[in-house]
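Each chain carries a letter (A, B, C, D, E and F) given by its place in the written order, and its residues are counted from 1.
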Amino acid sequence: MSEDVKKFLYVNRKAPYGTIYALESLEVVLIGAAFDQDVSLAFLDDGVFQLTRGQDTTGIGMKNFSPTFRALGDYDVTKLYVERESLEERGLSADDLQEIMYEDEDDDWAEKPSIRIVSRAEMADIFAEQDVVLSF
Amino acid sequence: MSEDVKKFLYVNRKAPYGTIYALESLEVVLIGAAFDQDVSLAFLDDGVFQLTRGQDTTGIGMKNFSPTFRALGDYDVTKLYVERESLEERGLSADDLQEIMYEDEDDDWAEKPSIRIVSRAEMADIFAEQDVVLSF
Amino acid sequence: MKFGVVVSEGPYTHQASDTAYHFVVSALEAGHEVPRVFFYHDGVNVGTRLSVPPQDERNIQAQWTDLAARHKIDLVVCIAAAQRRGILDENEATRQGKDANNIAEGFRISGLGQLIEMGIQTDRLLMFGD
Amino acid sequence: MKFGVVVSEGPYTHQASDTAYHFVVSALEAGHEVPRVFFYHDGVNVGTRLSVPPQDERNIQAQWTDLAARHKIDLVVCIAAAQRRGILDENEATRQGKDANNIAEGFRISGLGQLIEMGIQTDRLLMFGD
Amino acid sequence: MATLHTVNKSPFATKALQSCLAHARDGDVILMIEDGVYGATAGTDLADVLAGHSALKIYVLEPDLQARGLDTGRLLDGVSTVDYAGFVDLAATTDRTMAWL
Amino acid sequence: MATLHTVNKSPFATKALQSCLAHARDGDVILMIEDGVYGATAGTDLADVLAGHSALKIYVLEPDLQARGLDTGRLLDGVSTVDYAGFVDLAATTDRTMAWL
């Protein structure tokens, strides 16, 4: 990696729809993808709710932005770290999250999952590796 | 009391300065005082922090609005209910709050304290007596 | 029954103004009256006509303007809260020496007394905020 | 050292823009550089010239405009966040067919790329929000 | 003389639900809306928070549940769903509304 | 390679401080600002939250303390005060800043 590349982490700790932070975080990620930095997303605390399957916003009249997460692979955003303890505290498991895949160009374009379930301690280590941390 | 008089309760659950709700709540109370309703204020959860003595906002460059509470008596706003459990959880006692007095016109203008420390159960009863509850 | 409604947070950022809107629509459909909606705190920002939401999102201001016109709802923006946050009508802009105003159709700027009056004159008061 | 600063909440409602301001003032006094402050989410509302705070309160927009002029700070308001919330400059107003604009002196509207660029080009990034 | 309490915050993020429950009286109604709907789900670390409050009527706003991908099968026992029309009915049939913001 | 964590919420209102503490690593610095300063006071129900984190350096922004009428005598043992200049120094002398919003 060139020394011009910084490690950017987008930290998502809030639930979707009640506030706009989750949606506007995703907008930054999409724009940021054009800058060829080393990008990761972290989902912890209520941020894990952003990734639940089956979101249907028809009844509240807001745009359902959850499908956009599945497009992140096309933008080379492939590291979505989700904290296991945050899921468990909320009665969720990995099966409750939508499937988000990317094609690995270093492995003959094999389809691989973008979501990586990590422990709280691993999440803390991920934080400590970053150059720039953006909180939403 | 005439039947045109409603019981209005202003519920304050947020700390001052970090957000504007405490200040803008007070602005409603001052305007509302002109309407001759039966007005009470409730301070619970972080709302009890609004009443601490010795607030000095010089360093943060914001206006210190805590002296305004002491003027409420002049507006005939004389019932400030403060929840004991909320104080205790925050390491506060009644002595940490500023003194807020009013002159009781029904008792030869005797000076009396406006702050009434109540238990959580009493606070719940106060809520249940109201016609209009405004939350800040 | 008469409902009074307070919106305490700005559009898009918090769901409050959306929930309030759906509540009012349903209340009217059920035959209730909603004579006034009062916009306080950041809620005053609902009343700007300068917002341009993405085409695939709802236009919160336009929804309120339209609903108010159809059901004669008085949409009141608190003057004190609006001044701090930069929501002005033509009168206020002139009075304050500002060269532009941004209030949307169907909204009017008035004092906090309108909130108290709403509390007195309605049967139930609902607050939507953060 | 170069600091990048993000303000994520609107003026007066949250203390975020105040704390950011005091941080930037102190950073400059200590000899650091603050080339850019990026206003995102409700933070875009800091950049309206239509606000009229009470005379005994600080004027948050004016504080930033003044500081930026004295220290050549690039005050960038995110275009996507600003459109939703009704913060427009003259170009945007024309482009969107709006009859007024409200951006304050010293602020400019630009894209989210300016936020990423700030993250790349500064040594530390600070976020002030809710 | 019942109160309708509305809770719009996730109980995993703020203390609003807990404070509401500590102040609600027998016969009161609690309606979880917006991010508050997370408080009505089973199998969480906070599922016990609602236990011991069987004298309250607990509702959750279904459009907010659906938006967040939460199936009604996830709800705690004793929690009922309403739509916006049901929300209006709850406000009309109780004596006052109190928002736990 | 230390991180400066900023916490601007009251721990009595939200879970931000707890989550921050659960993710901070030895040698990291925590700075409580705005309503976050309430987390640094002694004699509260939450005073234990900071216990067991002696490998962290805890600071509180003094102008925010003073605004809220909290005397430095109320601070928990081991908590130090800084002014805005000290905040800048903490940001400059750590390797990254993370805001627990």
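Following the convention adopted for this analysis, contacts are C-beta pairs under 8 Å (C-beta built on N, C-alpha and C of every residue); 3 or more make two chains touch, one makes a residue touch a chain.
Everything numeric here is computed off the predicted structure, so don't read it as measured data.
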| item | value |
| --- | --- |
| Labels of chains that are neighbours to subunit A and to subunit F | D, E |
| Angular offset of subunit C relative to subunit D [C-alpha, multiple of 5 degrees] | 180 |
| Inter-chain centre distance, subunit B versus subunit E - centres from mean C-alpha coordinates, in Å | 27 |
| Distance between chain centroids, defined by C-alpha means - subunit A, subunit B (Å) | 43 |
| Centre-of-Cα separation between subunit E and subunit D, whole angstrom | 38 |
| Per-residue multi-chain contacts in subunit F, two or more chains | 8, 12-13, 15, 34-35, 63, 83, 96-97, 99, 101 |
| Where subunit D touches two or more other chains, by residue | 12-13, 15, 19, 22, 41, 54, 57, 80, 125, 127, 129-130 |
| Sequence positions of subunit A contacting 2 or more other chains | 17-20, 45, 60, 62, 131-133, 135 |
| Topology of the chain contact graph, where touching chains are joined (line, ring, star, complete, other) | other |
| All chain pairs that touch each other | A-C, A-D, A-E, A-F, B-C, B-D, B-E, B-F, C-D, C-E, D-F, E-F |
| Subunit C residues touching subunit D - in the complex, by the definition given at the top | 10-13, 41-42, 45, 48-54, 57, 61, 80, 83-88, 92-93, 96, 98, 100-102 |
| Interfacial residue positions of subunit E with respect to subunit F in the complex | 12-15 |
| Complex contacts: residues of subunit C adjacent to subunit B | 6, 40-41, 80-81, 111-113, 115-117, 119-120, 125, 127, 129 |
| Residue numbers on subunit D that touch subunit F, as the complex places them | 1, 3, 8, 15-16, 19, 22-23, 25-27, 29-30, 32, 124-130 |
| Touching residues (chain side subunit B, partner subunit C) in the complex | 4, 6, 8, 20-21, 24, 27-28, 31-32, 34-35, 37, 131-135 |
